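Okay, got some structures for you below.
Look for subunit A in each of the two complexes below; its partner is subunit B in the first and subunit C in the second.
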Partner chain A sequence: MSVTKETIAKILIEIIEDLTQDWGVDLDESISEKTQLVNDLDFASVDIIQLFVAIEQHYDKKIGFQDLLMKDGSYVSDLSIMQITDFVNNKL
Partner chain B sequence: MTTRTLFIGMDGATFSILDDLTKGDDDHKPVMPFLASLYKNGTRSILRSTPNPLTPPAWVSLMTGRTPGNHGIYDFIRAEEHGDDVFFTLYDSRDCNAETIWSIASRQGKRVAALNFPFTAPPPKNLNGFMIPGFIPWRHLRLNTKPKDFYDQLKTELPDFNPKQLAWDFEQEKEAVNKLSDEDRENWVRYHLPREKQWFRIADYLLRAESPDLMAVMFDGVDKLQHQAWLFLDPTLQTEEVGEYHQRMRKLCLDYFRQLDGFIEKLVTEAGPDVQVFMASDHGFTTTFEVVRINAYLHERGYLHWKTMPETEAAKRREDSMFANLDWNKTTAYCRTPSSNGITIRVADKPGKTGIKPDEYDSFRDQLIRDLKDLRDPVSGERIITEVHKREDVFSGPAMKEAPDLLMVLRDFGFVSIKNKQPVVEAREEVAGTHHPDGVFFAFGPGIKQDAKIKPCNIEDVGATLLYSMGLDVPSDMEGLVPEAMFTKSHLAENPVRIGAVTHSNSKDAESESMAEDEKEKLMEQLKLLGYME
Partner chain C sequence: MPAVNINGVRLNYIQMNCDQGDDCQDFVMIHGLATNLAFWCLHHAQFFAKRYRVTLYDLRGHGRSGMTDSGYTPENMAEDLRLLLDHLGIKKAHFIAHSFGGLVALKLACQNPELFSSIILADTHISAVRRLHDSIDWKFGKRIQPVLLENGLNINSDEPYFGYRLLTEMARLQTKGVTLSPEFEELVSPLMGKYGNRTASQWLKLMETTQAEKEMMGDDKLSFQSLKELKIPILAMYGEHSQAMSTGEHLLDVWPHAEFRRIRGAGHFFPVSRPLELMKNCKQFLRDTCVDKFPRHGDESKKRYFRSDRIYKLDDTWFFSTREKHEVGPFTDIEDAKCCLHSYVTEMALAEVA
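On to the complex of A and B.
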C-alpha cells in the first residue's frame, strides 16, 4: 500500500497533538501542515529529537532526520510540519 | 494476582553511607530503621558495577544481565568524529543490543512495572505492563509511557500526580549549575524530596491496583544528593566543629534518606509477606579530592593538539562548551567525555585520513599506557591513574568497537576533566562525591537467607536474579548468574535455577538524531551538575 503525503501529514499531526496536548501552548488555530515546531509550538531541541524518535517508532523504520536538521553545516532554526512531511515522504 | 518480585533501585547507593544510616545507639534511632531491619532479616552483598561505574552502562547491565561490550551502552552520549569536529548523539533504548528483563518477562506472560529506569525510552514494544522511563524531560513522559492511557490514568487516580515534579527538570538543573551557591545547593537537595515522593506514589498505586508480577522502581535522588552533598553525608567527613549551614545540610540529607526508608517500608509492606524483595544500586560512592585534566596531560605528552581559536565571543563559547576543541590534523589520542574516563586513539582507517597507521596501533597504545601510568603526584610520587585497561580486557563483545580504546581508573575514582586548563592535577577546593565500583545488593523475603552477607556479586547478576525470582529460566546467553548463596537450601531445592533459551535480539530499527548545539549544552550542564565535569 502506498503511503501518501496526506496520510503522512495526518499521522504527523496526530503524533504532535498527542505529544503537546498538556504542554499548555496557546495556539491561534489548530495544528496544520503550516504549523512550525519552534515558533508555534514552543519546541526546544530536545522536543524535536523526541518527536523524531516518535515518528521513527510509528513507522518502525530508521528515517535519519539529520539531513533535515542540518543545512549547510548548521542546524535549522525551525521546521514546519510540511517540511517534515516532505522529508518523511521521501524516506519511506 | 499478587506481586511476586519487588525491585527497588537506588542510584549510587553505597554501604559507606547506608551502614552509617542504619546504625543506632542508646541516644539515637537509626535514620533508616526499616533498612536496618532488612540487614538483619535478609541477605546483602557488595555489587560490582561495570568497568566504568557510570549510570548508563551500569543500569543497562543490570536490566539486561549483559556486560557493556555486549549491550553497547557506554555513556550518556555517543561521540562521533565528523569532519573537523566531534558530534554528539544521545543514547536511547534502541541503542541497546541486548534484550532487557522487562521484555524477557513480558514475552513469557509476566506483567511487569518499571518506573524511572534510564534508557527505557522508548519502551519495548512487547511490554506487558507499565513503564515510565527515567532521565527524560516531563514533556515526553506521556509519549514514552506504557500503556498509552496510563499517563492520563495517573492524572485521574493520583490527585497529586505532577509530571513536572516527577521528571528531570532541565531548567532547574541549569540554574543550579550557573550559581551553585550554598542556597542553591540546599534547594537542590530539597527539590529531590517531593520528586522521589512522586515516583513512590506511582509505585504504591501500581502495587495496590495492578499487582504486577515484577514491580520495579528506581530512586535516583540518592546519586544526585551524594554528588552535590557528599561533604554532609560521608561519616568520615563529619566533625563536631561544623557550621550552621553544614548542620542544616546534613539534616536535610538525612531527611531525604529517612523519607526513602519510609518509601521502602511502605512498598515492602504493600507488596505483602510472600514477595521477594531485591534492592540494588548501579555503583557506589566515594570521595573525590582532585581534578585530573587528562586532555591537558595528553597535550603535554604530544598526543593532543588544541585548536587555535580567534578572539571572538563565539570562539570563547566554544572553548567553554566542555567539548574537546581539537586540531584534528595533529591529534592522535584524546578523551571525548569526562564521564567516559576513556581515551580514544585515532586510527587512520584509509590513506589520507588523520591518525596513526593501523599497524602502529599496538606499539602506540603501549606507549600511551606507559605515559598514562607516568602521571604522578609531584609530592608523593603516587600514580594518579592507578589502572589503565585495554578495551578488549574490559569491554569484550560485539559492541567493543564503540568503546574507548583505554579505560582509566583514577586514584580517587573521580571522573576526568577534558578542559584546556592547567595544572593537570589540582586539589579540589572542597571534596565532592564520585562513583565507586562497589554498589549494594540486598534481598529479603521468603526463601532468602536472614542476616547473611555473601561474597560480592556482579551487576549483571541482578537481572538474572529477578528473572529467577519470577520463576523464569535464566537465558543461557545472559552473563549474570543467580547468586545461589542468597537463597535458603530448601528454597533452592524446590526452585532450582534453570538455564533456558537465549534472549531475543534487540534489533536496531532506528537511530537517534544528532543533538543540536543548545541541547549539547543542556546535557553537559546536567553532567556537570552530577559531578562528571570539572
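On to the complex of A and C.
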C-alpha cells in the first residue's frame, strides 16, 4: 500500500471515529480498513452522506461518491473503509 | 455536516454549490417520513446542482436532526423550514417535496408564497382527502390487503393513514431482522422506501416516545380553499398505484394552472424507484417556469388532467399504455416498445377507417 493510501485510510478512520463517538456501537476490534459501514458500524444512509461530505470538506474537492454507491443501476448494500480509501485515492 | 438550532430543535442540513457558479437560483429538497436527506441527496441533488444551489435538510425527528417531544405538525415544521431559509439567507427558491414533506412545503407556501419560485410535489396526500376515504376506491390497496394479513400485518389498507402504519410495521419487522418473502416484498416495495436498522429504529422511537404520531396524523389544515389561493407554478406528480393518487385527483379541480403527471405503474416511492422519470418531468417543468410559460393554460375554467408517458420503464423492462388503458409489454428495449406502439397505432387507425 502506498503512503498516500495509508494517509487517506488514517484520515477516514479519524472522521468515522468522530462521527460515531456517541453511538455506543460495540466493536470486537477497533475500526480498520476491513470495517464495513453498515454491517459493523450500523451506518444509516444519512450517515454515509455525512461521511462523504466530511471527506470532501477535508480534501476541499468534489469527489463524486455516487459512482462508488451505484453498481449496475442499484445502490450497493455496504462499503468497507478500504473501498472508500481506494476510491478517494483514485479521485485525488 | 452543518446544523443550526432554531424553533427549539437542531436541524441538520447540507448545501451543494451550483455547477454554474454563484449566480444561481436556490432549490430546496424536502424528504418524507421515516427517511432523511439522503433520500434526495445522491441521484437527484447532483442533477439539480447542475443548475441550482441545492439545500437539503433533515426534518425534525429524522436523520441527524434533533428529536423533540412535540412540534411535528406540518405547520410547526413549516416554521422550522422558514427559519432555516432565513438562517441561510434564502429569499426565494424552487422546492421539491416528497409525501409528508409536501405538507410542510404547502403550509409554508400558503403562509409565505413570496418564498416560492415554484413547487414540485411528489405524492403528497392531504388530510382533507384522507378524510374522504370511505368514498375512495383504492384498487392497489385491495390487492395487497390479503397479503398483509397472510404475513401477520394487521393493518387495514382502507385506513386514511395506512401508509404511516405500514412504515411503522415494516420498521418493526426490520429491527427484528425478519426476512420478507420475495412475493411480499414485491407487493409492498412500491409503497415503501428501503431503510437500514438505525433509520428503522429512529422511526420507531419517534412513533413510540414522542407526540409525532398524533401530530403527523392530525388535521394538516390544508383546505382546498387555502390551496386555491396558491398562484405559484406547481408540478404535482403521483404514483399510479399510490393511495395518495386520490389527493392528486382532487387537486385537478383546485389548481387550474398546475401541471399534473401520473407515474405509470409506480407506487408512493417513485422518486426512488423511478428517479429518471421524476427528473425528466422536473426538468421540463422548471424550463417552462424559467421562461415564464406559467400559467400554461389560458382558460382556467377548463378541467385539468393527469398526463403521463406513453412508454415507460418498469423493473428494467419497457411497456406502453394504449388509449384503452391496456398495458402492453414487457419489452427488453425501448426501441422495441416504440416499434410495437407504432404498429399498434397504425392497426387501430386502419380498423377505424374500415
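Structure notes:
Assume the second predicted complex is superposed on the first by the 89 of 92 C-alpha atoms of A that agree within 3 Å, B and C clash if a C-alpha of one lies under 4 Å from a C-alpha of the other, contacts with A are read in each partner's own complex, and residues count from 1 in each chain.
The rule is short, and it goes like this: a contact is a pair of C-beta atoms (placed from the backbone, for glycine too) under 8 Å apart; a residue touches a chain by one contact, two chains touch by 3 or more.
Keep in mind it's a predicted model, so treat the numbers as computed, not measured.
By the touch criterion defined above, A:54 reaches both subunit B and subunit C. Of the two partner chains, subunit C is the only one that A:38 touches; subunit B does not reach it.
A count of residues in subunit A touched by subunit B and by subunit C gives the higher number to B. By the touch criterion stated above, A:92 is placed in contact with neither subunit B nor subunit C. When both complexes are overlaid on chain A, the residue A:63 reaches subunit B alone and has no touch with subunit C.
In the superposed pair of complexes, A:18 makes contact with subunit B only, with no contact to subunit C. Residue contacts after overlaying the shared chain place A:46 against subunit B and subunit C alike. According to the touch criterion, the shared surface of subunit A, contacted by subunit B in one complex and subunit C in the other, consists of residues 44-50, 53-54, 65-66, 69-70, 75. Of all residues in subunit B, only 90, 92, 121-122, 136-137, 139-140, 142-144, 163, 170, 508-519, 522 touch subunit A in the complex they form.
Residue ranges on subunit C touching subunit A, taken from their complex, read 1, 12, 14, 35-39, 41-43, 46, 58, 63-64, 195-199, 202, 316. Those residues of subunit A that touch subunit B in the complex are listed here as 18-23, 44-50, 52-54, 56-57, 60-66, 69-70, 75. Remark: subunit A residues 38, 42-50, 53-54, 65-66, 69-70, 73, 75 touch subunit C in the complex.
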